[in-house]
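To keep things simple, chains are lettered A, B, C, D, E and F as they appear, and every chain counts its residues starting from 1.
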């Protein structure tokens, strides 16, 4: 079930086609997952979202591609986004995540959520030593 | 402000002292941040929380220490835990996080939250290809 | 699947019947969606919830009915409430939401979640100019 | 800092005065905490919110008053509502919460958040045995 | 659907077997729910998670077992963890939760989420009277 | 307190200067709020975030500017982003939000969070009538 009906033939729109082609080329796979097919209901949103994903997740940057996928999973788990947890876990596997790394990831995100609750329950004041932004 | 008064002299309790000593030794620093000082209101909770943090975050594992700090930040940001964002950003810096990696982290956690909203707003159905757990 | 069994014949309870009749009359439709049928497990909770929904969402107020549905969707998406996203997207459509407005809504809630993460990751201090509540 | 300026003399409005008087009488205390003083910017919202709090939290019901305060804290911690954690922790203490119960509460809400993450990270399918709502 | 394939014969691993046996003995039931069967992908994580659940939720403590289950539900609802809401509602029923208590729980967690939003929307400043942790 | 030190003279960087100039021109105000000044630590992130905010929030679109600010507040409240609630409430006021609309907004986002909890606590199944996306 979804809140919109996906376009029946999205690639008849050349803007959608161009994005899907670039997704396939970038990932070296014919598979275009449902997120992009549903997002195709608005070509401009599709274009900009893919451009941002490509720039942040695909282009070389200060963090390696697998680390970025793990971070994506961490946010998606915390936001309880089921689809996103599935798609980015698959993506992390495709980028080489081992079972041991997957288990490690789960241990960290579980521990973080646990201590987040302890801190918020206690309302621990921030140590002045942590302030990096003295000047405003 | 906090919801409990921290113990006035927590290290007079030998169990608290032992944990604080181990924190200082493990981190090679005299600084014991407020989270641990507040958690000392319950020695058993302090002991177990530190034991888990040490095991998950300090002991060698499939992910390197910096990656684990970045994941901790990602969860803490998404949970809007101000103290935790401060303390784990400081910890990541202490483990070598560069400004470029910090910026990259923020770009990924921001993008993840954005696409989480798009997916949830559209209620995109999970692609069968993502199912890793066919047998129940 | 649900955590309670819905009452087999909820309208045999006159209090439930009265609420369902009012829902049908207010919406000019025979359809009573599952939220109300499940909520009927506790007649008092059903009555009060419908009374509040009617007062906040149906009665004329400072915001028009469609804007209020869009806000309801924004909260439901952010809380990752799948049922609520479905039901309020349908309600917004029934109140005239166009596809372009739906796309616009998604762009705004996605962008807001993104910048929320940036702000929380940076722990940006609040500008004094934003303080509307000087006196306490 | 707040997003509205609290009314300078809220009790000059007889509707606000009536609610504040009832809060003081119900709690047997002269203290009206800031939540109610800020909410007084809209007398109708103040009246209805207090009526609901009184009905759910004060009136005798299937759960005792302290248990209800603990649940309120659990939700407030999970939603990261700093004010709410403070005010309901104080309320729980006023209703008899001991330090040991406070510590126990924190352990449970921390563990729950931790296993929530594990479940969501693994996307564990719901056991059919848990379905209480077979008929829809 | 899940993000990992559960182990086909998890109890062939003696560490998994020992945990499952303890779950069955502790609960006096042959039923081992899916959470534990999926968690068995990492024996150490399974062992430690069960040890913590047993210690926090099963061992006698300052809060009674039913209250702790209700708190678990409150967090799971707020985190939108569908599996967790199902499993802990079933657990609460097994520990004696009545329908009236269930309804009461839902009223409290719903009201708490509502006032959390009002407080956060107004950015109500914390009353100094709530500060329990004057010394840092 | 913040997790980064804002650049001491951000506008000495011509890319930052260009964005700040455009913010001032677009808003017809000399005030550049802290979010942008902190974001200036990474010129590319600053440029792209402002470009997206300008495109989504400033450019004419299917929803009017005030409605979009209200949606931004709704998400920010639900995510418990204090800075964001402050800044977007100020922005909504600047775009004409009346006190009555502000109160209405708070009533809707509070009610939505409340019924989100009821739905999630009951695990209400989605009505088939709500499915807009039959074809996948």
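The criterion applied here is as follows: a residue touches a chain if its C-beta (ideal position, glycine included) is under 8 Å from a C-beta of that chain, and two chains touch if they have at least 3 such contacts.
All figures in this text were calculated on a predicted structure; none of them were measured in a lab.
By number of C-beta pairs in contact, D-E leads over the other of D-E and B-F. Superposition of subunit C on subunit D using C-alpha atoms only gives a rotation of 180 degrees, nearest 5. Farthest chain from subunit C (centres taken as the mean of C-alpha atoms): B.
Centroid to centroid, with C-alpha atoms defining each point, subunit A and subunit B lie 20 Å apart. If you average the CA atoms of subunit A and of subunit C, the two centres end up 27 Å from each other. For subunit A, the set of residues that touch two or more other chains comprises 1-4, 34, 38, 45, 52, 75, 77-82, 85-86, 89-90, 103, 105-107, 109, 111-118, 120-123, 125-126, 130-133, 136.
Those residues of subunit F that touch subunit D in the shared complex are 80, 85-86, 89-90, 99, 102-103, 106-107, 117, 123, 125.
In the complex of the two chains, the subunit F residues touching subunit E come out as 73, 77-78, 80, 82, 85-86, 89, 105-106, 109-118, 120-123. Put simply, subunit C touches subunit D in their complex at residues 1-6, 8, 34, 38, 48, 52, 126, 128, 130-136. Looking at the complex, you find that subunit E touches subunit A at residues 1, 3-4, 41-42, 45, 75, 79-81, 133, 136. Residue ranges of subunit F in contact with subunit C, taken from their complex: 1-4, 31, 33-35, 38-39, 45, 49, 52-53, 56-57, 61-63, 67-68, 70-72, 74-79, 81-84, 86-90, 98, 100-101, 103-105, 107-109, 111-116, 118-127, 129-132.
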